[in-house]
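By written order: A, B, C, D, E, F, G and H. Residues from 1 in each chain.
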Amino acid sequence: NSAKKPRKMSTSSAMKEGFVKYAQYLNEFNDKRERVVKASRDITINSKKVIFQVHRISKDNKEEVLEKAEKDLAAVTDQYMSRLVKELQGTDFWKLRRAYSPGVQEYVEAATLCKFCKTGKLLNLAEINANLLPLSDPSQEPLQINVLDYLLGLADLTGELMRLAIGRISDGELDYAEKICSFVREIYRELTLLVPNMDDNAEMKKKMETMLQSVVKIENACFSVHVRGSEYVPLLGSSDPGYSFLGVPDVEL
Amino acid sequence: NSAKKPRKMSTSSAMKEGFVKYAQYLNEFNDKRERVVKASRDITINSKKVIFQVHRISKDNKEEVLEKAEKDLAAVTDQYMSRLVKELQGTDFWKLRRAYSPGVQEYVEAATLCKFCKTGKLLNLAEINANLLPLSDPSQEPLQINVLDYLLGLADLTGELMRLAIGRISDGELDYAEKICSFVREIYRELTLLVPNMDDNAEMKKKMETMLQSVVKIENACFSVHVRGSEYVPLLGSSDPGYSFLGVPDVEL
Amino acid sequence: SSVEKQFEEFRLQLEASGSLRERIRAVSMEIESVTRLMHSSILFVHQSRPVPEVLEKAKVQIGALKELFHRIAEIIRECPSQYYRYHGDWRTETQTVVSLLAFMHWLETGNLLMHKEAEEKLGLNSSDFGLDVEDYLIGICFMSNELPRYVVNQVTAGDYDCPRNVVKFLTDLHAAFRMLNLRNDFLRKKFDGMKYDLRRVEEVYYDVKIRGLTTTENTMDDNGAQE
Amino acid sequence: SSVEKQFEEFRLQLEASGSLRERIRAVSMEIESVTRLMHSSILFVHQSRPVPEVLEKAKVQIGALKELFHRIAEIIRECPSQYYRYHGDWRTETQTVVSLLAFMHWLETGNLLMHKEAEEKLGLNSSDFGLDVEDYLIGICFMSNELPRYVVNQVTAGDYDCPRNVVKFLTDLHAAFRMLNLRNDFLRKKFDGMKYDLRRVEEVYYDVKIRGLTTTENTMDDNGAQE
Amino acid sequence: SSVEKQFEEFRLQLEASGSLRERIRAVSMEIESVTRLMHSSILFVHQSRPVPEVLEKAKVQIGALKELFHRIAEIIRECPSQYYRYHGDWRTETQTVVSLLAFMHWLETGNLLMHKEAEEKLGLNSSDFGLDVEDYLIGICFMSNELPRYVVNQVTAGDYDCPRNVVKFLTDLHAAFRMLNLRNDFLRKKFDGMKYDLRRVEEVYYDVKIRGLTTTENTMDDNGAQE
Amino acid sequence: SSVEKQFEEFRLQLEASGSLRERIRAVSMEIESVTRLMHSSILFVHQSRPVPEVLEKAKVQIGALKELFHRIAEIIRECPSQYYRYHGDWRTETQTVVSLLAFMHWLETGNLLMHKEAEEKLGLNSSDFGLDVEDYLIGICFMSNELPRYVVNQVTAGDYDCPRNVVKFLTDLHAAFRMLNLRNDFLRKKFDGMKYDLRRVEEVYYDVKIRGLTTTENTMDDNGAQE
Amino acid sequence: SSVEKQFEEFRLQLEASGSLRERIRAVSMEIESVTRLMHSSILFVHQSRPVPEVLEKAKVQIGALKELFHRIAEIIRECPSQYYRYHGDWRTETQTVVSLLAFMHWLETGNLLMHKEAEEKLGLNSSDFGLDVEDYLIGICFMSNELPRYVVNQVTAGDYDCPRNVVKFLTDLHAAFRMLNLRNDFLRKKFDGMKYDLRRVEEVYYDVKIRGLTTTENTMDDNGAQE
Amino acid sequence: SSVEKQFEEFRLQLEASGSLRERIRAVSMEIESVTRLMHSSILFVHQSRPVPEVLEKAKVQIGALKELFHRIAEIIRECPSQYYRYHGDWRTETQTVVSLLAFMHWLETGNLLMHKEAEEKLGLNSSDFGLDVEDYLIGICFMSNELPRYVVNQVTAGDYDCPRNVVKFLTDLHAAFRMLNLRNDFLRKKFDGMKYDLRRVEEVYYDVKIRGLTTTENTMDDNGAQE
């Protein structure tokens, strides 16, 4: 072929020049990714701690435990989410999604869990995002958690709610468990409709299966307490008037 | 249901009695299996050593290396195969096959490899079995290696022959390599016809694939030496009359 | 060549053993088909049909099974001492057969069907074609798997004495099994499962006991023997 | 060259069958989308919403399904006798459809939706485009998988008679399936799973019964009826 | 009951289709067995046995194959329009058959065995039972996989003109395949593999050429022809 | 409920993005189809057809590619800043495009097609829709994979100077790549493969050199510069 | 040569580490065998045999275990600081040992067997061969799995105070575990299972409590002790 | 309580070992990064740059490596005798380091870098943190993989004596390895590959020899010198 010497000389240097640029670009980008991955990992670890904290709940320490959990969550937001926001602001939300998605999902999981325990309500994506807004420089396009990560986090939430429900039943808080049950059912139902529309739904499909298992576990737990609990009725008021086992308030009995 | 007390008493003891017998049977059988497995493992380890020894062959040490290999193989036969023969004689050849099959296969591999290196011929199953005959008590039905284990061992042999062929080519023994090549081809062709008839041929099917790869590797090696060697012809008798590189005998060049 | 000759011989041998295996498999499939029928009949026990009626229907098939095992024995006799070469081709079916016979036997007598008894029922008492002990034991484990379901359905139908008997039976069986020195194989795994059967029937017994549903006489006996 | 000509012909054939497959898949995805809506409506049954209300919402979609199956039938008619070439492209969806229709039918009537009835509901009663029997059977198995969850939630909501009815229904269905000689395939695996559904509903029935939660009249019936 | 009646019907249908499948599989296994013999004869070509002798031995079997495909056609004729329902049960074997016939044809003529020709050789030219195009194409890919090994062994045996011919043949075949718009399936994967076969024979050709081993006349031709 | 409202909103958003993706995929498939044609034309280079003729045929398609990338750009403009959300749907095709353009460019000039040049050729030089650097680099790796085959076929056809040039080019390219700090990803894997391309062309160069087939003038130059 | 000498040395080393592993595995199998005996003895606790008698029988084996662990320690001492190189070869067995010792300790004292205590019992308190913390924790989880069955059988046998004690013990243990931030590994999975053990014993406690079966004095205590 | 205290301790331990692993991995990544630089420098050897110049550049990094291994050693020292617990986290990198050092050593001296020498170069000669023998051997195999390419390029550049030396070196190395009785693991696989390296350099030697390109004196030397 026709390659001539002189041209080649210049190529070689043009090539070098080009690759210096590419190298610089890749280095900067990879460093950023590295930082984002680290931030994401920190968010994950600390969100998990928040979740663990919530699971320390029991009948009598609810306020206290949740207060601490919320404080911890706020710390995650201020210390770690803010780092992510700083890294990402203005750009690359989608390019780096795989780098921060695990952390964001865990954060969503923690935040929605706290909110549910506190209010029994679902924390909306818009609310979370509103919460993140102050963290970012107003001159830049702010980081907003995307629907996909929110939904993936929500899917994991149901696993935690299952653990919570089993714990609450152990503690006698049947009502609480039943509230969890219908909440989880609602989320599951809504998600069934959304899954096929999600961007890359293989991961979500797997989570849906785990989720159904969680729902069934809660239902089974509620069932067995219900069946057992109803036995209690005939004994009412007879042998053990002040008995409040299973946390059913005295009055109701 | 109708279970009555008195009967149950007798059952319980009948049950115990039965299970004592079963336990005894299982214990004896398991112990035997354990011993067979151990014998098989020893056979494997030591047959592998024989194979390694054969691979230490080079152009100049052939006799010496093979002599040692054969001596080692004889030792495997006398020390370890005889233990297996003693354990198995008279019975249970098929029931315990899985326990001794790996060892026997490796033994077949080693024995056929030695024989091929020594004579260029395939050691027949009948010959191996004849060799084992003296090890067993003449009053019992003797252990005979079955066709399946023989064939499985043969399949592995081709892998060793491939290694050997590559080594021989390195050592300049092209003829030797070509002899190996046609030998392996013949075995491969014969086995293609047998595989589907074998008892449980999943294992063998996998080995056949490896085997084809071995054949192709040998063929490619022979090809490249042949093509290179062909270049030498024009130089014949010119610059380097006594040259015997690649082990082609001087006269032929 | 001698190589060819050897392999030609192998081919003939392997073809022969292949066709023998085919014949065994055919019989084995017939056994499977008969056990399916038997199993179907026995399942009625979970619907609280009277035991004798259920057993009668199931027993009809035992003759057929005996005949089929006899046919396998005949085939195996053609290749003496290779019983265990082909064993894998009928052992699953045999295990199912044992489990059904043992369940029926237990329903009828409350006792465990012993290995010898199983062999007799199937006509396997000749010296060269018997019932493999491991197959027998695996079959017994399968039977144990049926018991929790049986107990649950019996109690639902109002038979409150059943759990105590089954707990007793299974505890003894489990203890007997523990005498065996099992390797890490299928039988071991099945036996490990028996623990869950036992746990389940204990739970049912507990449910019945704690509600005072067991008949008084038995409870008395109970106190004496057990507590 | 003749080789080129041949490959040109192949190209045309492959493209034709490719685009036909595309069209089937498009319809198939629409079916999937409709069943998703139906499924999501039916899920309310686990929250003890009144059955008629739940069914009403779900039934709305049946018309759409019928229309979509009609469209697949039209496409298949273009390549007569190749039904089974493309069958794989809509069978999973069909199985889900059957399971939903059968569950709805059972909620409404307490009976099994028959193959013929399913075909009618979906307008598949023409001679050249029917409902494959295996797809129907697999769909029925899927429906059975829903029942344990349904029973559990019904009891939690206070409907103590439900378990008995479901046990009866599933026992009969399971017995009917046992008549089939299934190959070792997907259907067989699904059917094997039905055993666990049955066992689970029996356990729920047991839990309810042992606590005396079933209504008295029924208990009476029990002894007498039971077929 | 009507449920029972329905399942009885299913049982009959499933058994019918089951036994039909059995029969097809039996023939299919015979085909496999014949191709094994053919294959083993053809393998001699790698040991540089004269092509005519090798082909003669292999051709003997073609009659048997024809007969066997005829038997499958007969069976399929019993269930019109279900060709593709059972297709999977003989397609692997058919692909092997095509690959062997095409290799033999190429050894004899240097040309590609055309789809029509393959159908004729196997007697598949009736309107209702033909050779599936994809099976034909996959068979051709399998044949291509044999060529590198063949070329290597031919050169080792001293036939230095072989590589050039094979490069030419494979280049054309590869180009023809490239015209097809293949889905992401098995055929596509096989075709992707053909690229490596081509590369390998090009390398062999290179090895021969760079050492001046090709005959001079051919080299002359080379410059001119190159088609 | 607010939950429902939120999810309803999500559904609308996701459906919108789904249909956008569909449109991108459609264009992407068209790109794939054009590159297949280009690739087919370029393959003739391995049969030693004159380079200008080969290039001419391939260049015809560049306009079409430009147009298609323009269409993707238009679609992406509808959802500003979500370029990378959909990027996966056209990146494989883009990489192939780059590899073809770079190979053509090298055939024509002996130089590496730079990132900027590639963007220009495809009209991707706007600020909001460019050519991803990693895609460019992966495309270059793909091109490198073609070079060993090209060299082998050139030498076979008698062009003995080709290897030296390619060794020089690939050595420089490989060294340039080594400047990049690659993660353990696809690009890294592709780059690792480049080592084998380099090794192979070195071997070909060696084959030619050791046989004294290179032209004398070049060898002289050589001595000065390299040895 | 020095190279040869070096490789001779390597040969010896590699063979040594191979045989060392063999020896560890042999001891490990003996441990397994002893634990099986212990477990058998302990199972009598479910049949309400007096605890002291049960423990006495089981304790006999502890000496043997100690001896066996001593032997592993000796072997490991031959290769100082390679504990974790071979750890995988005895860890499963160690976990079982811990679970049995902890169960026995709890039966005897009502307390949790502490890590230090476990080490002492097994003579693992030397500085260079200890009990891995994760193995200890997994063993404790295994022990927890035994408790529900124990409680059920104790109640059946009339020991109505048992549930309260077990609930208390398991609640504390569970709370202690919750302090650990576990990775998503085997230990985490085992720990998640503990929740179900806890729930089951609570249910039993509830059953007993609502029927007024607990002794009065205890109930008093209850209020004070538990919350 | 003491239980709580114990678990608090466990929490700390588990976190400590987690963070320790993190730290090792961080160092391990730095090692990887340094070896990449070294490798880059060494690659110039293939472009026939003078060996001393090439080595000089590469040697600069050895200090850094030593320092990094020292850091791992320090970390490991915090948990005495747990070397093998974390070994997997730096072994791949170590193997690469060995391969580079051994290649450099060979370029400089023509000899094999001995295990002891490698340990010294890396400062691993303390008693508690050494270089695992298998890692060393695998590294040596990696080095062998570089030699064929080196020889090819040296010959192309006109150094016709190189092949003879390499053949001698590799033959001896290969013979030394043959003394080991290797298990069927990664090392064995790597060793099997060495045979192909040997064959390739022999072929190059042959190419050179056959064309009379080697200098005569050297041939004489041959018998005598070379160690």
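Note that in this section contacts are C-beta pairs under 8 Å (C-beta built on N, C-alpha and C of every residue); 3 or more make two chains touch, one makes a residue touch a chain.
Here the structure is a predicted model, which is why all the values come from computation and not from measurement.
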Contact-richer chain pair [C-D vs A-F]
A-F
For the pair chain C and chain E, the C-alpha centroid-to-centroid distance in angstrom is 49
Whole-Å separation of chain centres (CA-atom averages), chain C against chain G
34
Cα-centroid distance, chain C relative to chain F, in whole angstrom:
66
In chain A, what residues contact two or more other chains?
193, 224, 228, 231
Chain C: which residues touch two or more other chains?
none
Pairs of chains that touch, anyone?
A-D, A-F, A-G, B-C, B-E, B-H, C-D, C-G, D-E, E-F, F-H, G-H
So, in the complex, the side of chain B touching chain H is made of residues 48-49, 52, 55-56, 163, 166-167, 169-170, 221, 224-225, 228, 231-232, 235, 239-240, 243, 245-246
Help me check something: in the complex, which residues belonging to chain D touch chain E?
2-4, 6-8, 10-11, 13-15, 18, 80-85, 87, 112, 114-116, 128, 133, 137, 172-173, 176-177, 179-183
Touch list for chain H against partner chain F, complex:
40, 43, 46-48, 149, 152-153, 155-158, 204, 207-208, 211, 213
Residues on chain A engaged by chain D in the complex (per definition of touch)
182, 185, 188-189, 192-193, 196, 216, 219-220, 222-224, 226-228, 230-231
In the complex of these two chains, what residues of chain D are touching chain C?
171, 175, 178-179, 181, 199, 202-203, 205-206, 209-210, 222-223, 226-227
